[in-house]
């Protein structure tokens, strides 16, 4: 099985979520992260001094999928996560050796 | 070495933590994440409108273990993380190519 | 390509960030996590009772790099992330099967 | 003044008696005046109440913006009221008329500092009225929050406080035509609160709802950033209302002021209870934001008649105001009129209710006649204020623009308009 | 009333003299009455103080619940006090007795609006007393926080404010048997604060501690959600106490009111210092929550004697109250009596201390006699209140249930009882 | 006192006339005294204002520390002022001198409770002055925040309130040499605010800036933890200022107190507007923290002349104070003098401006002579206060140490000095 980590724009989260549910992927885990890259952050001005932390709040979505569905899910995120402006984010795919449902102990495909 | 990611219930964190310490695994990293899956979230009612974000706060525990200990640790989490009701969470195991202790530069087993 | 996860001290984040930019690695994702390990946390005293959660706030930096640059980046973090006192943190390297830039769909090396 | 009693007492009874009378009258004047000043300070704190309430009901990303607006409104309000507002509202001419202007600035005569002016000095009169003036604009700021451009709002608020509020205020409190007609609005259910509500309504209509509030899936609640802030705001508003209503007696008359304190508090309490049950009946939940609005509804409702109804009537007025809140909030949402803080329900709808309640519960013999007087007051003031606000907002919309763009709304006004975050 | 001095002065000295006397007396009445009303407003703001303090000391997941409870308590309290409480506490009959009831509702006569009634009007009397009444229940809400069912608590609070508080209050302030006996409690260390504390204790015992507070590993501190909220609460309580104690003089007597302001403030300050050192001595830390409780302890401690002790005594009373706080908080925890906000230590223990202090420092010649009077007052009121509260809580427990279930406690009352979050 | 009008009136005119005069004078005394007490309560609430403002402007990790300091300052301040401060500031001896001491503690005579003492009682005098005293130290706490050791600060604050503030205060308000010379400072632009500012400056210099504020890359803004808290603080300070300035009239004189309310409010409003435009001109942003500071600047600026300038002058004084704020804040940063809350700009710089404004706008015929008087006052008090503070801070630095170590600063004073977190 594969683990998909999608680092996307906060503003795109709802759309991506819907599109995933659209293809029946209504299970995932996400966390608020900060990104650092080409896109610059919003400058903060406080008491006369300007500062750009360069950090941009993003959402990291983690989805475990069976190998067959990998491309489908990735493409869905690519489509709906895109604004075509710098800072749309990345998708990272890694291999999962084991995936277990705590409730039942079922593993891999059955755990989905 | 292996990386164990356990996505568990907030309410189970203390128990899992203790049980891990019970088997001598008193080192790990965790982060508060949100889960999306079979279990539905708690509905929010605000000014007459009801809404279920479907997002459930969870704890993601990340533990690096040497291969031999993998099963032991996984089983411990399976036991103590379980409530047998939908939403107990998942365990994800991936392979670690390198594990280094920043303080000393020791790597892999020695870094534990 | 490789994924580097560096779990470092909050207080070292700015330094590490700078040193990474120093070697041209000005793209990464980070998140605030809690660590549990040898280093003990700061005791909290509240209304007469003392308590040490043992949890230490840390920063987890995730960087995807091409294989050739792996060592360079790791070494940089090792250098600047170090205080030589217990609790400097860990570096975890895993393999990345696919890395895609959402904006363009470019993958792997080109996505960097 | 205190020399009087330090100097030796004049020997002859008549002289002493006259001196005594003067001292007594001065003491009475001093306590009356002091109460108006303390009331002014209490009304001032209502601006903190509004700020906290609105900051608590908007999202984290728009908190700095709402605080900034409120800090500027009270400041601009006081200055413009000194420049022209006070003399527009109390022209001292055109009794029974529609408009009058006493000239720019404040130029009291020495007598205006004595009982010859009123039970309080000219300065007390001004500062008490000035604190009222800014209230109207503050009510608007909450309703149009999270999407209106900062400068556009400040321009509107300035014109509103400087021109619209004083003109309609003059109709009644400035001895204008509504006063002559017999319209009664003790402390301003209509003159202050509905007026703010009408302006808010105009703004909401021209702005449209916040992104994502009304979806095809239905109404998506946009939860406030901080309920503690909202609660602090409501308690402070209640606290300030003792000055708002109590000060409107315009002297420290023991019977009247104490009656007003009692009716005001019981109506607020009844408002909470009314909203509690009505909301529970409608949604089976215990929504803090509704109970808080219910308290405010009760306060707005009793404001028109706090000095002229019985305790029982006050409680009934409050309960009904409280019941109105959840119904009205839902109704506005049904109509897709997005009001993040419920200002239209609290100030407009309950303000109208309170003004009508005068005719129902107030001890006025006219009865039905009084009712029509009240109706005329509500409609005339409402029409003028809504028209004025709609026009001004519309002109702003076509000139400088009214609403922030979609990206600014997404990221929040704090970072886009102020380059700041509310919490770090 | 103000007509008097506008009309032409009568020609003859006697007439003028009499008119002057009347004006002077009216002015005096007006200022006395005004002070009671302002004091009532200050006592009102104490309810915001309690709300903020309790919201700051509970966890994020229970903040909406505590705010909701406080908003309802003050509202229900005012209404029930108007309906029956006031006439239970001040029946105007059964002098020296244990119980009396003046009938339902509020029905003042015209004379009740004049100096013939008191130094203040009937309405001032009611609203000032009504603001006190709800205080008791608010004290309870903090102690039983984070685990009690909303409706169960509201039922208790209603009965407590409507029945228990007025009955024991009548014993002293309603000219009942304790008053006749010589028991002294100036502004209510026992009659208000201990009473709240006793009820809190009954609730805590029947509820049991919060999950995870007392583990085999020892006491696990459950840290409050917001220290700024807690600090705001305590400063507002101190502010309100100027009205609580100052208003209890029941007129604006310059000497007494200014003495009360001074003793009250110095005792609060001394309480902070006492808690600072005692807590440091016990734990080697600088615990803000202890210093804040210390201030409250000093305030509660001086409440019984604020008008009748010297400055030095006030400071001593405050310091001791402050020292009591960390000791008492620890003691309750040792006994596994879980009180999230320290209400029992502040209001019950320091309330008892303050009531006894009357006999030690107060200028009463009786000496030991006074001491036993105080003791009888403390015990009789304590016994009645604890019994009443325990019974009511117990009946609620076996009928509608007192405590939320384990899952609700885990997830928090905000989401489970209100479907809301305090912060978004 | 209230017996007077209950007993039957004496038959003869002369007697009645005299009784009337006495009653009238007593009523006047009562209202004057009441106002001073209420003003004292309002000044008290300024301490909550400062606490909230400072807590909002520091980082999350130092919030408990700043709250703790403020809770202790007001407490220690009141106690030390009772012990020695009051009699150092108002020695009642050495008129026109530099120093006097009326002895330890507070020992009023019975006459001190009557109009024979002043328009208020001795206790009112003390509590009103005592509330002022702690203000100076509170100003310092904000400026040295986030890096000073708790105990070191408390030691400084105690000495500062107990010795330095009363001595310079005596020079003017204690009928000392500056008073004799003709120096004018109505409510304390210099005597209270600049004094706090000078001490803050000394502390900042000896402490050095917070880590990471001034980098080679330039000034790195260290954003405050909570803008809502900061806003609450400023609104409460404005509210309290009605007592600070209004009470400084030292009686309830209708004309003067109402004038002071008006000038104070308009100057505050003008300060906001001045800061709004000046800051926008300098940075093209709408910085809430600057507008909030602008309001405070206006308040500090008008404090010296609130009773003796025209409305127009008040507005000009406020606008200029508001304009000063962004310029001054930037200037201090340029000089690498790190002041997290802007206390030096608000209290020191605007305090000086306000004191000079007296000579420019005040109705004093002396003109240039007045100007030099003001200058002498500013410089002499500034020199003494700065020298005293610098010396004390320096001694503390070389003995117990002034600044926390680098790790403590990193992790924050809350966890390191208090083992607590502000938010959980």
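The letters A, B, C, D, E and F name the chains in turn, as written, and every chain counts its residues from 1.
Going forward, a residue touches a chain if its C-beta (ideal position, glycine included) is under 8 Å from a C-beta of that chain, and two chains touch if they have at least 3 such contacts.
Being a predicted model, the structure only gives us computed values, none of them experimental.
Novice: Find out how few touching-chain steps suffice to connect chain A with chain E.
Specialist: 2
Novice: Going by the stated contact rule, which chains contact chain C and chain F alike?
Specialist: A, E
Novice: Can you work out the whole-Å distance between the CA centroids of chain C and chain D?
Specialist: It comes to 54 Å between the two C-alpha centres.
Novice: Between chain A and chain B, what is the separation of their C-alpha centroids in Å?
Specialist: For chain A versus chain B, the centre distance works out to 18 Å.
Novice: Measuring centre to centre with CA averages, how many angstrom lie between chain E and chain F?
Specialist: Inter-chain centre distance comes to 31 Å.
Novice: Using mean CA coordinates as chain centres, what's the chain B-chain E distance in Å?
Specialist: Taking the average C-alpha coordinate of chain B and of chain E, the gap between them is 48 Å.
Novice: If a residue has to touch 2 or more other chains to count, which residues of chain B qualify?
Specialist: Touching at least two other chains: 31, 44-46, 50, 94-95.
Novice: At least two other chains touched by the same residue of chain E: list those residues.
Specialist: 13-14, 16-17, 20-21, 23-24, 27-28, 31, 34, 38, 223-224, 226, 232, 285, 287, 289, 418-421
Novice: Okay, what are all the chain pairs that touch?
Specialist: Inter-chain contacts occur between A-B, A-C, A-D, A-F, B-C, B-D, B-E, C-E, C-F, D-E, D-F, E-F.
Novice: Can you list the residues on chain A that touch chain C in the complex?
Specialist: Residues of chain A touching chain C: 2, 6-8, 31-38, 55, 58, 60, 74, 77-78, 81-95.
Novice: Any idea which chain A residues touch chain B in the complex?
Specialist: Listed in rising order, the residues of chain A that touch chain B are 3, 17, 26-31, 64, 94-103, 105, 111.
Novice: Could you pull out which chain F residues touch chain D in their complex?
Specialist: 13-14, 16-18, 20-21, 23-25, 27-28, 31-32, 34-35, 38, 42, 59-60, 115, 119, 223-228, 231-232, 234-236, 238-239, 242, 246, 251-255, 257-259, 261-262, 265-266, 268-273, 276, 285-289, 291-292, 295, 311-312, 315
Novice: Going by the contact rule at the top, pick out the chain D residues touching chain A in the complex.
Specialist: 212, 410-411, 415-416, 418-421
Novice: Which part of chain E faces chain C closely enough to touch in the complex?
Specialist: 218-224, 279, 282-283, 285, 287, 289-290, 326, 329-330, 333, 342
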